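Letters A, B, C and D mark the chains in the order given here, with residues in each chain numbered from 1 onward.
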Amino acid sequence: MTALALDAAGVAAYIAEVWPGASDRYSAETIESLTATSARMRWRVDESVLRPGGTVSGPTMFQLADSVAYLLVLGLLGRAALAVTSHASIDFLRRPSSAELVAEARLLKLGRTQIVMAVDIFTVDLGAEPDPARPVASASLTYSRALVT
Amino acid sequence: MTALALDAAGVAAYIAEVWPGASDRYSAETIESLTATSARMRWRVDESVLRPGGTVSGPTMFQLADSVAYLLVLGLLGRAALAVTSHASIDFLRRPSSAELVAEARLLKLGRTQIVMAVDIFTVDLGAEPDPARPVASASLTYSRALVT
Amino acid sequence: MTALALDAAGVAAYIAEVWPGASDRYSAETIESLTATSARMRWRVDESVLRPGGTVSGPTMFQLADSVAYLLVLGLLGRAALAVTSHASIDFLRRPSSAELVAEARLLKLGRTQIVMAVDIFTVDLGAEPDPARPVASASLTYSRALVT
Amino acid sequence: MTALALDAAGVAAYIAEVWPGASDRYSAETIESLTATSARMRWRVDESVLRPGGTVSGPTMFQLADSVAYLLVLGLLGRAALAVTSHASIDFLRRPSSAELVAEARLLKLGRTQIVMAVDIFTVDLGAEPDPARPVASASLTYSRALVT
């Protein structure tokens, strides 16, 4: 079994150091769990990301999927800020309508050059648990351990 | 041949009306062309969207791909703010390193319920033309004409 | 909760009637379970589908993913032979090396026009249960309820 | 500019040697062109691959997309039978109805570990040229140069 190279607090500290502009997305409030095979984040929905009709925009959900995947990558690889997303596929399934978004990443493969993860995103009331049968989006993300050159 | 329901200025005016927070992304500066089968946008890269290492973040490129696709959807469907992305796949191919990003959307299918588009993203110097053989990202996006319910 | 329109035997009988060439893929041997939110199939690996190096070819795994998704679609919609795949994304994660492939489909969304499913594929010894943490492939498939026209 | 490691005849000879079961798919009849940035194949539609309603099955189109991508990979890398598909996304856009399928692969990136290609598939009458504006399917495929382990 792979051990974590960084725990949740270690990831938050690392992001604060190398990428301060993202530190509000990787904090004690947003990171709910991090293990060697999974990660979970919770984001408060801010009105600024709403599209007409009151729904959360697709790019916001993509950013959340990418962020929870990067959280898991940093947990697995440690101080690897230069690992980059090489592929992402996302299905938008339902309109997110509630106060918070919860994203769960599950490790599919930790390879020598690629890390593949599945991410489900849920919409929930403040502090509530998601219904696993009703994701609002479902994604697959691949991170490349080397720089894309 | 399908005619445009809205031209570039019409899309910019519509966005300013229904989604003012996005109006800087759909303006006379950012929209370079809009036809019944294609759309093109150009974004200045802002330091705030850079990841560690100086590269543009994946979510920023996703947002650009989604924006140029939505531009084409609005051109085709007219005042259809509630059309939503139902699927997106994106390959990140190279590190974007230059001052501007150019995105080109090409219509693959205009169906009764779904609109499918291919999008290539390029990194260029200020005002320069992209090299079609070297996109920094390549995506496929599907918009649903009805609300996701 | 949605009830099944056809059970496993009903799907097998329907395929035998309308698509006899596919009836060996939808039989009492290959269909292991079918509920209103999931489906599971098991295929014996035939040497004819092996690539150089002894691995199962990508198109064979794609066909299995598409078949278990279609099984779930027929279970949900009934005699709907004309429902078609509109999108598929698949990650090939590990080399399948064993005697059988097991595929599990999970319903993500049953919409008015689109049905979205997640599929994981596993490689197992004869009759064995898969290790859920080590899929050989992971896919997302969308079926369109109407004909693609 | 990258030179071809194998030309069309070289690929056909190599496939006949290492993967005889696939040699009818990689022949002087099916390979129409192969350059360092593109490949093109043409397949006669066989009744055995038709689904109910007379349309070509999704897995058949996937196999064609994967085959033309592998043709380009072999042209670029030479005798690299063990290069494998690591990811594929495919949109099925229209019902293929004609006598032949033509598939065109375009190189998006030749990286150290990954090769990314875009593939469009067209349906045409015998020997006819495709209409580039109306593909029946559009795909993105990634090949991994190393074995998936």
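Note that in this section contacts are C-beta pairs under 8 Å (C-beta built on N, C-alpha and C of every residue); 3 or more make two chains touch, one makes a residue touch a chain.
Remember, predicted model here, so these are calculated numbers, not experimental data.
Enquirer: Have a look at B-C versus A-C and report the one with more C-beta pairs in contact.
Expert: Result: the pair with more contacts is A-C.
Enquirer: If you average the Cα atoms per chain, which one ends up farthest from chain C?
Expert: For chain C, the chain whose C-alpha mean is farthest off is B.
Enquirer: So the centre of each chain is just the mean of its C-alpha atoms; given that, what is the distance between chain A and chain B in Å?
Expert: About 23 Å separates the centre of chain A from that of chain B.
Enquirer: I'd like the Å distance between the centres of chain B and chain C, where a centre is the mean of that chain's Cα atoms.
Expert: Between these chains, centre-to-centre, one finds 34 Å.
Enquirer: Can you work out the whole-Å distance between the CA centroids of chain A and chain C?
Expert: Whole-Å distance between the two chain centres: 28.
Enquirer: Can you pull out the residues of chain B that are in contact with at least two other chains?
Expert: In chain B, the residues touching two or more other chains are 86-87, 89, 91, 93-94, 142, 148-149.
Enquirer: For the complex, which residues does chain A have touching chain D?
Expert: Answer in residue numbers: 86-87, 89, 111-114, 142, 144, 146, 148-149.
Enquirer: Which positions of chain B touch chain A when the two form their complex?
Expert: Touching chain A: residues 18-19, 21, 48, 51-53, 55, 58-59, 62-63, 66, 81-82, 84-95, 147-149 of chain B.
Enquirer: Which chain A residues qualify as touching chain C in the complex?
Expert: 37, 89, 91, 93-94, 108-109, 116, 118, 133, 135, 138, 140, 142
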